[in-house]
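I have a structure here, written as structure tokens, and I will follow up with some questions on it.
Chain naming follows the written order as A, B, C and D, and within any one chain the residues start at number 1.
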Amino acid sequence: MVGFGIFGCGRIGRVHASNIAAHPRAKLVACYDTVDTASASMAAELGPRQARSVEDLLQDPEVHAVFVTSITATHIDLISRAVRAGKPVFCEKPVDLDIARVDACWAEIGATNPLVMLGFNRRFDPSFRTLRDRVSAGEIGGVEQVVITSRDPSPPPAQYVAASGGLFRDMTIHDFDMARYLAGEIVEVQAMGANLIDPAIGAAGDIDAAMLIMRAASGALVHINNSRRCAYGYDQRIEVFGAAGMLQAHNRHLTTIEAWGSERTHAMDPVQDFFIARYAEAYRAELDHFIDCIETGAAPLAGFADGREALRLADAALESAATGRSVRLA
Amino acid sequence: MVGFGIFGCGRIGRVHASNIAAHPRAKLVACYDTVDTASASMAAELGPRQARSVEDLLQDPEVHAVFVTSITATHIDLISRAVRAGKPVFCEKPVDLDIARVDACWAEIGATNPLVMLGFNRRFDPSFRTLRDRVSAGEIGGVEQVVITSRDPSPPPAQYVAASGGLFRDMTIHDFDMARYLAGEIVEVQAMGANLIDPAIGAAGDIDAAMLIMRAASGALVHINNSRRCAYGYDQRIEVFGAAGMLQAHNRHLTTIEAWGSERTHAMDPVQDFFIARYAEAYRAELDHFIDCIETGAAPLAGFADGREALRLADAALESAATGRSVRLA
Amino acid sequence: MVGFGIFGCGRIGRVHASNIAAHPRAKLVACYDTVDTASASMAAELGPRQARSVEDLLQDPEVHAVFVTSITATHIDLISRAVRAGKPVFCEKPVDLDIARVDACWAEIGATNPLVMLGFNRRFDPSFRTLRDRVSAGEIGGVEQVVITSRDPSPPPAQYVAASGGLFRDMTIHDFDMARYLAGEIVEVQAMGANLIDPAIGAAGDIDAAMLIMRAASGALVHINNSRRCAYGYDQRIEVFGAAGMLQAHNRHLTTIEAWGSERTHAMDPVQDFFIARYAEAYRAELDHFIDCIETGAAPLAGFADGREALRLADAALESAATGRSVRLA
Amino acid sequence: MVGFGIFGCGRIGRVHASNIAAHPRAKLVACYDTVDTASASMAAELGPRQARSVEDLLQDPEVHAVFVTSITATHIDLISRAVRAGKPVFCEKPVDLDIARVDACWAEIGATNPLVMLGFNRRFDPSFRTLRDRVSAGEIGGVEQVVITSRDPSPPPAQYVAASGGLFRDMTIHDFDMARYLAGEIVEVQAMGANLIDPAIGAAGDIDAAMLIMRAASGALVHINNSRRCAYGYDQRIEVFGAAGMLQAHNRHLTTIEAWGSERTHAMDPVQDFFIARYAEAYRAELDHFIDCIETGAAPLAGFADGREALRLADAALESAATGRSVRLA
């Protein structure tokens, strides 16, 4: 039984907290949030004690591991302090928006190779994980092309955008990770961004639609398309094309119902609306995997280095979109 | 090059006449219709001479074979006369509405085993034909269940119904033939009819919806469902379930387009509206096959006996629906 | 918080027990099984106390309601005793195999209109429930045809068959209930059975494949097809055809992956293997609904009378299959 | 009735010749090929006279219009001579591999705005044409993203590649045209090529896989992916994503059959193998449209300028792939 503390009691924090509370090998021991009502509410609903401070939580002997689900700006500090306190850490993406800070963090804590797991939820989605397993098993021969479609249902408020690090670091970061997961290391990035949806996003200096093409060390080509708005829900599809065939992972629907009428046939529901619903199974699998890593010492499927690499790709995409040049990564 | 004469210049007659005119091994020589303007119109459009009478057409030495696409009541007479004139015959379904007349006809003409091909178009549909070939090749093991869905887009006028012989002889006749095509000879029939759509059809003594279950000599069970109205077009599907798997043939669409929007996803067009469009390829394949049979002497994929058997099943269905009893066929 | 006792600690009992243990408004208080090791094992895994007898469980003041998941022969007795002890009852299908015993039971306990919920899990499946809701909302106009496909992955052992009451009472019972759920009361039944799969099932006097057609009081026609074996998994599909369109509920797959290769395209996984996996969500929704009924006094979506009606239809099907006659229900 | 002459009696020439021969408003008058046996064979099969020279064909008063289906290097010359002879021209893509020659050609012949139709067959495919019509009708709101998947079944011989102008001018040319057809004029191109399939293609200085991203004047982003080999057939898909929804045009299959078995479900046939089969309807529609343009004086759906623009995009892609820089088009 692993005792967990959680930093950050917002939306995604509550997802993890509920999963911990329901998990047979986990116990939710303590929670902390700078907004006192947030941690109080979690304590009331799910039973952890409300820690008085970061240190109070980290010093709790019943807390064996921590979740960092607070705002991005706090991740580096909390990871470092938790590692120094000897606690395995699960941190939501991104590690940070600044690669220099990320590198400095690892320089400080990396020597002991601590367990830091990154919240790249898609790696734990049953369809994407099976996709990767089947690709790895050679079902479609050598991977030649990967096409990742990733569109959010609706754009975030402009003030969120301002602090987000921009679309590539905030949203595409997941797709960069999936690109690496399926095609291996990326060596070249070309990106094109556009502000097609909300002028306020453009005014905040960001984009709300993007297309990228990338080359992997293996030679495989990768395409990502992103949109901050999608009329039919949260569009999350991946196609892997290989020498001997193709595997596609499609969107998920709440029901299996098809409607046939005089205007149209085979019509299904809109797709699941956003990540909390779409990746509910993935969040449970993440927790399961984190507990396995804690108990066995195994390396996590997504670790600190994966967080760093995705951020490097985001930075490369930003540079390419700004300069119109292909960016090569060593 | 086979020269053809055609009896009956209505809708289905024109389908066959156009195919003959476009076929590299066929020539449309003559046409006849009791409605003079119908044959005149076909002659003007497609070039055959307008025969003055049945005999005029049958005596034409350039007419090597004939199509009987006139009204059902004339089929038996025209088949008999054509066979006596030594011409291979393609006759639209049904042979006749009265099994006694059908048997009398064959008693008269059958001795020489003449080439009489029946217009069971579905046997020639690329999907259904491939379905049968794959079933025959053993892909799904022994056939255990067949489910035939067959729904017309809209009910015929009540006066058509009155002369049609009723839903089982007019519409289900095709499904009875497909049942035999896929499951072999049928030995038991149970039928349930209903008048759900047009009260005028009920007033004319007919039904406009039906469900049947049948047993084949092989032991396989067969279900047919029929409706005289279908909001989404002409519904023509077949499922064959066997010991080792299942094959389904689905409806066809004009385009491959799927629409995704805020109300629904994966939405396709309505299905092709009715038999002229849905079975266009089948009508061409029928002609091809008929020419092959004429040239090689091979037996047709659907012959006179198949027309008779389908009619027997229709009669059995009528009896079962009337009595509520299972009808066994010797 | 509702305290539950459970009779029967076999496979389906454990499904319900696990759901109770994980439910925020439920507590698993006690369990009983005539096989002592079965209840001991459930007690060890999920924490309820191991009752010493039926009465011991029923007298427990912390047990507010009971699940009857023991063998069919015990259902009537346990329902009666639980009702007399004032406990709401959730009973797995079927109530009993003998309609006379079912009627006698209700004659004894029905006066107070006790809460007895029947485990017709399919009513709680998200797709089937949404199907029914959309049909009820009038999306496809008046219901004219219902087609229910229900095939088990593999046949049960012959000794199970012997005690099962036969395919209609054991397996089709769910489909009869779905027929009523979607088309309303049934007034006429025709059935055809066959022994196509396992000769031992035939030797035990049962069938392993069946087709039925039924007429609802509304006039709608219903088809059910059953097989005790299905190569591609647990086949559970429903099609509802109405005056204005059609709704289909399809099978479910573990992943959304499609494979494309030189031999085939669009290939998906086999379907979920059997009811425990296929209806996992339904079992959770059943419990939720049962708790709602207990707390609010609402009538259950599937009650004792529904269990009785499904059994009557099974008996009618048996009679029809034996006599070849349509059976009319008053 | 329009009389046609045809230059080039190879594979694609024969497709057009057969369609002309079968078309009710067209007559195949003459054919010419520098390989005498090729034109002799077409003359024998389809009946046109075998012209003795280009001039002999162009001077034939019964030839009202010509098809140029000879090798690319001859297109410019034949277009120019046909236009000077006053004949409308249908020319297969590409106009030429050299934009300077293309511009010189139009400088010479363009003053009279002659009818020169380009063989961009995909514009005439029923699914793609309907896709464009529905996009134009506003069904999905403003177009924001277009994703074009275009993969050939198997790579051409290296000697073909050497004369082809390279993948972008030979294969992607169709996709560039579809990009313009669906998203309007393109103003920016980024391309990444790879040699993943056949080393001989690399040795010949060409690529056999590519990904591109482009920006349209409207702001829309476009992705193209290409492969010279595709295990499951000729992959031709288009997705158009707009502010209010998405339309996808999928691949086509010979049958509608789905196979279900213990290893997989929903499995369909491989897709149609290559362009002659996949675009058979498009070739017929092209001819129809060309005849309409000849008879009414209407501008063709794909004209000389469209051929030129697609070539410019190919040149831009080549430059981008070579330099790693985004290429902007004025």
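Here, a residue touches a chain if its C-beta (ideal position, glycine included) is under 8 Å from a C-beta of that chain, and two chains touch if they have at least 3 such contacts.
Every value quoted in this text rests on a predicted model; they were computed, and no experiment measured them.
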item: Chain C reached from chain A - shortest hop count over touching chains; value: 1
item: Selected interface, A-D versus C-D, where C-beta contact pairs are more numerous; value: A-D
item: Chain at maximum distance from chain B, centres defined as averaged CA atoms; value: A
item: Chain A-chain D separation of Cα centroids, rounded to whole Å; value: 42
item: Centre-to-centre distance between chain D and chain C (centres being mean Cα positions), rounded to whole Å; value: 58
item: Shared-contact residues (touching 2 or more other chains) in chain B; value: 140, 231-232, 244-246, 251, 258-262
item: Contacting residues of chain B [partner chain C, same complex]; value: 140-142, 144-145, 147, 149, 151, 188, 190, 192, 194, 196-197, 209-215, 219-223, 225, 227, 229-232, 235, 241-246, 324-326, 328
item: Chain C contact footprint on chain A (complex, rising order); value: 22, 126-127, 130-131, 134, 139-140, 244-252, 254-262
item: Of all residues in chain A, those that touch chain B in their complex; value: 231-233, 251, 253, 258-271
